[in-house]
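Shared between the two complexes below is chain A, which has chain B as its partner in the first and chain C in the second.
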Partner chain A sequence: MSGYTLEVENLTVAFRTELGEVRPVEGLTFAVKPGETLCIVGESGSGKTVAALSLLRLLGKNGGIRAGSVRLNGEELTRKSETEMRSIRGRDIAMIFQEPMVSLNPVFTIGHQLTEAIRLHTDRRGKAAKAHAVEMLRRVGIPRPEAVYGEYPHTLSGGMRQRAMIAMAVACEPRLLIADEPTTALDVTVQAQILELMKRLAAGSGTSIVLITHDLGVVAEMADQVAVMYAGQIVETADVYSLFENPLHPYTRGLMRSLPAFGSEREGRLSAIPGAVPPLSRLPRGCRFHPRCPMAESICESEEPELQPAEVSRRVRCWAASGEIRRFAGRQGG
Partner chain B sequence: MLSYIARRLLISLPVLLGITVINFILMKLAPGNPVDMLIDPNTPPELLQAKKAMLGLNSPPAVQYGKWLLGLLHGHLGYSFSSYAPVADLIAQRIGPTLLLAFASLFGGMLIALPLGIAGAVRRNTALDHALTGLSFVGISLPPFFLGLGLIYWFSLKTKLLPTGGMHTLGGEGGLGDALYHLVLPASVLAAAIVGKKIRYIRASMLDVLEKEYLRTARAKGVRESLVIGKHALRNALLPILTVFGAEIPVLLGGSILVEQIFQWPGIGQLALQSILSRDYPTLMALNLVAAIVVLASNLLTDALYTMADPRIQYR
Partner chain C sequence: MTVITESNASRPLLQLEGVKKYYPSRKGLFAKGRIQAVDGVTLDVHAGETVGLVGESGCGKSTLGRTIIRLEHSDAGRILYDGEEITAYSVRRMRPLRTQMQMIFQDPYSSLNPRQRVEDILAEPLIAHGLPRGEDARRSVGKLLDLVQLPRSSRSRYPHEFSGGQRQRIGIARALALKPRLIVCDEPVSALDVSVQAQILNLLKDLQDELKLTYVFIGHGLGAVRYISTRVAVMYLGKIVELGETNRVFDAPRHPYTSLLLQAIPVADPRRRLRERLVLQGEAPNPENPPPGCRFHPRCPFARERCFSEAPSLTGNGHAAACHYPLG
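Let's look at the complex of A and B:
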């Protein structure tokens, strides 16, 4: 055994479009240990959601995994048949989505949607399935779980719906929980509760979490490991402390500088990274970040940097950061 | 819900009354009158006058309408001007076959259109989808009289598989089986138009739903694709289809006038055509009343079905 719940190696996802093939995710590599939380951070359009869906192989008719491997507890998922994948979805890997308002089916009761997963993946039927569903609703902190079991999604608030989604996702005790911006659509006060809930559930069962977010506050709250994505590639991976302490990639630094901070000496306007993530059909040559990068040099325009090891168990995809690392190491030594 | 239905029924009464007034005026505005239609043109005018007086056609229109309404309140629909039979009996004899024809084509049509519409949406922009679109245009565009005659030519004259018309074999035993055997062709003609229209509608409704996030949730749960489509998507796609389902019932009654004529189907449509041609006022008034009730009832039925199908909608 490798000791990892999830290992993703060099994962590339391709979609057929009218303009030809595009690759929203390219060369993705990361790993998650049991009980660990990995946060994937990036702007809109950086390929975070596609990366998450590709782990479940839910890319639709026009998309697919082009290269690389996804292993769950050492088992290769990319070569599984659709039927095998179906029994993995919801049982071994579960997913929570961004919009609880539209991610539950409006014409079925909460209870029906919960027991559907339970009946699919466990031996529980009838009363036993219902009892388990009610227990799950109780565990995610929904008041009056028996009553909510029989209600339709539209009668619940956004926070309650997201709790119901979480109950549905963890009902079969998955080894991996993928959460795609689970708190983005919720009130700030509810966000903290939902994050707390996910943390508590995962800690209790040793479930690993892959949490996708654009919110560095959520990252600080939840992550053990962090992967920063830009334009379909991971540009930096690190444990959460090192990342906040010393971001290596200019993009990560830009993200940090665009955050307001309490009690910091920095005053005045927040800085923003100029420009936007380039569309997949018009990726720049060389480093994908160089048109927006304050440190770009001539090599950045022509040569694409690799994701290279840096420090202890960190990786960064940047020409400038490589020099930076040397300077950093020099300072440490001297 | 019950109080809502009761309220709707109460509101329907003045609407029905208004409809009968308009019908009466339209009927009176139409050229000709029952007596002219009935009697040999060489009859002496005095006789015509006597006949008109007998039928009550000489009193002012308002009085005629008042008398009809008074009769209605007492449960009398009057007597036919042409056959002198009670109008209520005429309609009672005819309504059964028409309902059989209408509902057979409605449900048969929906049963065919539903899977085809879903297939078109799921395999959109494929050869299958384009073929279904073509088929639906054929269904919409073919006039019923042409399709009816075509079917009679092929299935009755050429292959002798099915009868040309009527509801029972002449001199035969009758019975339900015989009626169904006679039903196939006229119901097919009516259903063709329904299938044509509904394929497009179901496809569009399904396409709307196929992009919804909750289907992704279902897939992420491990639900098999056939159930993602046939259960999670279809239940939602059916909601807008229900509305047109109810609206289709009055259209069917209208369409049956033509089809019943072609296939000699002994229903309301035939009766309506005969009474229009003979300006049979009492029968026409009663038929219009029935049609108005059917329209209002189908609307109410649609709303009731909607609350049952969509938990988000509730009437108070």
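Let's look at the complex of A and C:
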């Protein structure tokens, strides 16, 4: 056993489009330990959602894993049959989405959907399944769980629906929970409650979490490890403390600087990253970030940087950042 | 440039007095209910300032924004624009004032006609109000594109050819076409990527300085609201519960709701994740049936006897709070 719940290595996802093949995710590598939370942070178009869906092999008929490997507790998922994947989804890997109505069926009661999942993936049947469902609703902080058990999704508020979806996701005690922007559509007050809840559940059951978000505040609150994605690639990985203390990639630095500071008063202008994330069909040559990068040099325009080991257990995909490190290492050696 | 005379320097550009907006609710066939979306808001907005409106979804901030510029009829209270009462103005009487008040929307894509070129989108308000046509309109469009820092070549392109941030620039240019004095910005950066939000916030600030604009900025992201607002109004269930200068409200909130709202914001510093904080429990109650007394009392950790029955009014000089037992 590797000691990791999830190991992703060099994962590349391709989609067929009218304009030819595009690769929304390229060369993704990361690993998550039991009970740990990995945050994948990026803007729209970074490939973070496709990355999440590819772990579950939910890529539709035009998409597929082109290269690389995904291992759950050491077991390779990319070669599993669709039937095998179906029993893994929900039992071993659960997923929650930004908009819970996407995954809740509007014509069945909350209780019906919960017990169905429980019967499918556990040994609980009949009264035991129902009792477990009600217990799950209680555990995620839904008031009057017995009553909500018999209600339809549309009668619940956004926050309550998201709780119901989390109840469904964790009811079968998955090893891995993938959460794609689970709080983006919610008010900050409800977001705080949901994040608390996810933390508690992970701590209690040893479930690993892959949390996808664009919000660096959420990352700082939740992550153990962080992977920053830009235009389909990971540009930086680090433990959360190192990342915030000393972001190495110019994109990560730009993201952090563009946040309106909160704790302290700040006057003047925000520092914005110029331009926008490039569309997949028009990725720039060389480093994908170079047209927006304040540190870009001539090499960045022609050569694509690799994700290089930087400090202890950190990696960065940047000529300038790894150059700095080499110079630093040279000084240390001399 | 606007000439500031003595009279309009002292008089607020916009005055709201006890403004109410109700929506009928559909409870059943005969039971008539109403949702008090905005329930007695009194607020002055001075020329050149930015008033931020914040609160959870359903608090009435967007409805208030639309009511202010008369996109919605108010059901009670008075609205004065530049000293002139416009509360009951007909569509026709509002028309000359329409040029002076504009709105910027959250989702620029759904508010821009996909079949129109940028130049037609920007010229339309000019033509609708009988302003320049032909070559003059063309020149105006060029100037508008300069103002929002889009290349002049954008004029012949369609909205789908632009990124989200650029589309919001088009939305802003359209709002500026008629040289307004007051702009209601309804979550203008909420749908944009983090790195692009900063570009748009900077642009809004520059335009305000350059064109002496007055903003009412409705915000979801409290960071953006803090950055851009001179003063902030915090709303809860249709009422303003706290109003004051931005830094004072954010640094030393007086209403427990404001304090809890601010504590709920995730802090982008992992070393502070174990900080002591109160998590606001539950969700805002249904505005159809607001609780008696202080509307916040069922969720307030500091509520006492008096809060259950007696509604507090917004009091305090400069930094006001609607609370019987304000903090600090």
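Throughout what follows, the second predicted complex is superposed on the first by the 318 of 334 C-alpha atoms of A that agree within 3 Å, B and C clash if a C-alpha of one lies under 4 Å from a C-alpha of the other, contacts with A are read in each partner's own complex, and residues count from 1 in each chain.
Keep this in mind: contacts are C-beta pairs under 8 Å (C-beta built on N, C-alpha and C of every residue); 3 or more make two chains touch, one makes a residue touch a chain.
Here the structure is a predicted model, which means the values were calculated and not measured.
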item	value
Which of chain B and chain C A:299 touches, first, second, both or neither	neither
Touched partner set for A:260, first chain B, second chain C, both or neither	second
Which of chain B and chain C A:203 touches, first, second, both or neither	neither
Touched partner set for A:99, first chain B, second chain C, both or neither	first
Which superposed partner A:147 touches (first chain B, second chain C, both, neither)	neither
Which of chain B and chain C A:187 touches, first, second, both or neither	second
Chain B versus chain C, judged by how many residues of chain A each one touches	C
Touching both chain B and chain C, residues of chain A	none
Residues on chain A engaged by chain B in the complex (per definition of touch)	56, 58, 86-91, 94-95, 97, 99, 102-108, 113, 116-117, 120-121, 152, 154, 165, 168
Chain A-facing residues of chain B, complex	212-214, 216-224, 232, 235-236, 239, 309-312
Footprint of chain C on chain A - complex, ascending	43-44, 157, 159-160, 187-193, 195-196, 214-221, 223, 240-241, 244, 254-256, 258-263, 265-266, 269-274, 276-277
Residue ranges of chain C in contact with chain A within the complex	56-57, 163-166, 193-199, 201-202, 205, 222-224, 226-227, 247, 251, 260-261, 263-273, 279-281, 283
